[in-house]
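Each of the two complexes below includes chain A, the first together with chain B, the second together with chain C.
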Partner chain A sequence: MKLEDIARELGLIELTPEVSAGDEAEIERGYASDLLSDVLAHAPEGGVLVTLQVHLNVIAVASHAELAAVIFAGDRRPDEDMRAKAVAEGIALFVSPADTFDIVGRLYAMGIQGTHA
Partner chain B sequence: MEHLAYDIRNGDFGGAGAASRDLKQHLKRIGAEPDAVRRAMIAAYEAEMNVVIHTEGGRLEATVSDGQLDVDVVDRGPGIPDVPQAMREGFSTAPSEARALGFGAGMGLPNIERNSDRLRVTSAVGDGTRVSFSIMLRPEAADQGARPSSLSIAAELCRDCRHCLASCPTAAVRVRESRPSVLHHLCIDCTCCIAACDPGALTLLDAPDELAPAADGVLAVPPALLAGFGDHAVETVLEELRGLGFAEVVSVHPYEDELRQGVLELAATSALPAPVISPVCPAVVSLIEVKYPSLVPHLAPLASPWEALQRDLGERDVTYVVSCPSQRTALLAQQPTEQRHTVTPRLVREAMLPRLATRRRVAHHASAPRPQAAGADDLVVVSGVSHVLAVLEQIEDGRLTDVASLEPFICDGGCFGSPLLAEDAYVAAWRWAATAGAAPGEARSHERARPYRPRPGIRLDPDMAVAIRKLAELDAETRALPGKDCGACGAPTCAALAEDIVMERAVRALCPYITAEKESAS
Partner chain C sequence: MTPPAIVARALAEGLGMIAVCDHNSAGNAAAVQEAAGTHLAVLAGMEITTAEECHVIALFPDAEAAQGAGAAVGATLGQADDDYETFFGEQRILAADGSERARETLALATSTTLDVDAAVRLIHSHGGLAIAAHVDRRSFGVIGQLGLFPTAAGFDAVELSRHIAPRSADEARFAVHGLPLVHSSDAHYLSDVGTARTLVHCARPTFDEVALALRGARGRGVGHA
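Let's look at the complex of A and B:
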């Protein structure tokens, strides 16, 4: 499943079109957590992260864990600083008004699985 | 060999990740395995966050050498009162500010441990914490990484005297920018550089750095420790060791006797080429695997005394007092979960001295004749690195035909001669011989768990065609260097520098003679 398809299906607000537009990479796995050490330890490479945390360290962790995208749940929006950093690191950012549970449920229904599934 | 350093500020949540990100770029450029890069990043980032969250600030220093990344993160306090507790997943003392950002879930150190091939945490309350970890950057290096290293390097203690360079029997040590480092593919975990290092920059890894006896715990000690407390009788020492809180104290010496017997029996059957070499000293075994692979068939396929003892103690909670890095490495390689249970003789000594202060001393140790193993006349005991090298050379050249079996030790005077022990080798050995009857014990001989394997320590490249090309380069580089073996470049010999240049660990300009020539020409 490509990032753009996920964004369309879930009605996500796209914050970094310069990263996600035309990105052909297939997203197969995902992770949901607000503990950044947990993300670092367990998030799948090339996957998508669903989180409530909205600050610069999320981008650092996403970059280290080599994640493709981050979806901020509960309508939380990153500032421009964070957005710029994400663009520089090649990480796509999305916002959803839905809460984590619903976002993950819909991702799962689309065939995106957890790290160890 | 490359050295990187980054300052980390307390509370700088925004800047955190800068060091690990830069390190990542670096590792990618030198072509490290993607998995190794990822693990290195996670470990470095967690270490960085720990400094940001918990400390007054600190510094992350990284050294990239042949196939290995070594990271040292040192902070300025406040220190960790209980390191084992801090290592447990879920334990955290992070302030709410850090928790609000999604840190402080007690996963930092466990995450570092999980992602590194070697981790050491030492801390002094009020002073600061040092987190050192290593990651093998290539799969073949990671293979050897299963073989942990037990040498500790504290670069800040180095006085740049370079005595270590010439001491190393495998030319594994380098000193560059006043920082000693070790080429792990060559290191045999012996005590030579430790003995040469006066300021103590190179020493046995002392993790953990405190004794934590469990109620049903066993303390396993070398005879040299039992006989190493001046004029205190071995019985007294044994008693006080038990008094430290261990249910049982066992000595490794019955396993040494048992191994000797096993080697002599093997030598009598002529199942192995003569002389049969005893694996009593794990450092000599490594030396043979690295430097004399043709002698591997001479090694008796038996467990070393410490390995055999570890097998018999099975699942019990054992604290091993090891007197050299190679013993520690051998124990960890055989049973990796024992990591937290090898301690240095110094640690035990410090705990024992106050206890022994009030104990009665012996005026004179009455000497008792020691029973000799049958056939012991056929055994040549060789100790001291120069003698061991000379004898191994002789065997390799086919010049040692009249010796049936060999018991080689890297340390002068055998295990009694480790530089990590306080008592002189000859005094301790004499005292032990006089009073050994006081420490009875039994032992069984064990087959070797890990087969002997020549280590490709001196191979220039896994691809033979490339290796041949590099050999030609090595030849040319060696000829270009002055051949003075002065050590000024930080390598022990010109040949070692030539190899460093060919393997891209160093550049020719490190040689002061070549640089001087260039300058006078221009």
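Let's look at the complex of A and C:
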């Protein structure tokens, strides 16, 4: 599933159109966690992360874990510094007013799986 | 954990200085200072829970500075509801003799709305020292919550829990941030007091000397007890 299709299906607010527009990469896996040490250790390469954390370290961790995108749940919004860093690292950022459970459920229903599926 | 009991236990453990760091409150520090008199140095502190659920230790020059910071922290917390103390424990504010003076009505066990950077800035603005608490723990330490040490936040020191042995290879893993390492007990019960300790090389057991020691200035420093 392409990032833009996911964003449209879930009604996500796109924070980094310069990254996600025209991105043809297929997203197959996802991860949800608010402990960034856990994300670093377990998130799948090329996957999408759903998190509540909006600390700048999200980008550093997503970059290390080679994630394609981050969805911030519960309408939490990163600041402009963080957005700029994400663009520089080529990581797409989205915001959703929905909570983590609902976002993950919908991603799963669209065929995006976890690390043990 | 009354002020006289804390002081007696610290003295019995041979400690020369302790810091009182209630979660998100500085309401009990002055009472412990009063109970200690001239027998034991007591720093007024606080353990702030940030918006990312990181614990940050604050040490202040005096109880007034701690209270000032405590008011700013408290302004970001919600009120405790009727069942609160059933689940999270009694939030007693004690007098120096151990008698109950009042009950804290804020929900101290919840997170503040301050992120790590804002918490460090708040502590510094009240003249305090900001220490990243128990960074070796999987939960509530800055590395556990944020994956990597937040170098830009401006911490003055890194605290290790009693589970990390002084001079061990485990300890060395945390010495990479260019910050002094302190060991403390994070005592939640009297029996925890003294289970971890830091040797402070200084002229007198005071806040100013601890600040110099954390900077490694004027021959002061921190090491292992």
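In this section, the second predicted complex is superposed on the first by the 117 of 117 C-alpha atoms of A that agree within 3 Å, B and C clash if a C-alpha of one lies under 4 Å from a C-alpha of the other, contacts with A are read in each partner's own complex, and residues count from 1 in each chain.
To be clear about the criterion, contacts are C-beta pairs under 8 Å (C-beta built on N, C-alpha and C of every residue); 3 or more make two chains touch, one makes a residue touch a chain.
Note that this is a predicted model, so its numbers are computed, not measured.
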* Which holds for A:Ala25: it touches chain B only (first), chain C only (second), both, or neither? -> neither
* Now for A:Glu45: first (chain B), second (chain C), both, or neither, which partner does it touch? -> first
* First, second, both or neither for A:His55, with chain B first and chain C second -> both
* Comparing chain C with chain B, which touches more residues belonging to chain A? -> B
* Which holds for A:Ala84: it touches chain B only (first), chain C only (second), both, or neither? -> neither
* **Contacts of A:Ser63 with chain B and chain C, given as first, second, both or neither** => first
* **Overlap of chain C and chain B interfaces on chain A (superposed complexes)** => 34-37, 39-40, 53, 55-57, 60-61, 64
* Which positions of chain B touch chain A when the two form their complex? -> 13-14, 16-17, 20-21, 24, 38, 41-42, 45-46, 49, 101-103, 105, 107-108, 111, 114
* **chain A residues within the chain C interface of the complex** => 34-37, 39-40, 53, 55-57, 60-61, 64
* Over in the complex, which chain C residues touch chain A? Could you list them? => 52-53, 115-116, 138-139, 143-148, 150, 152
* Note which residues of chain A are touching chain B in the complex, please. => 34-41, 45, 51, 53, 55-58, 60-61, 63-66
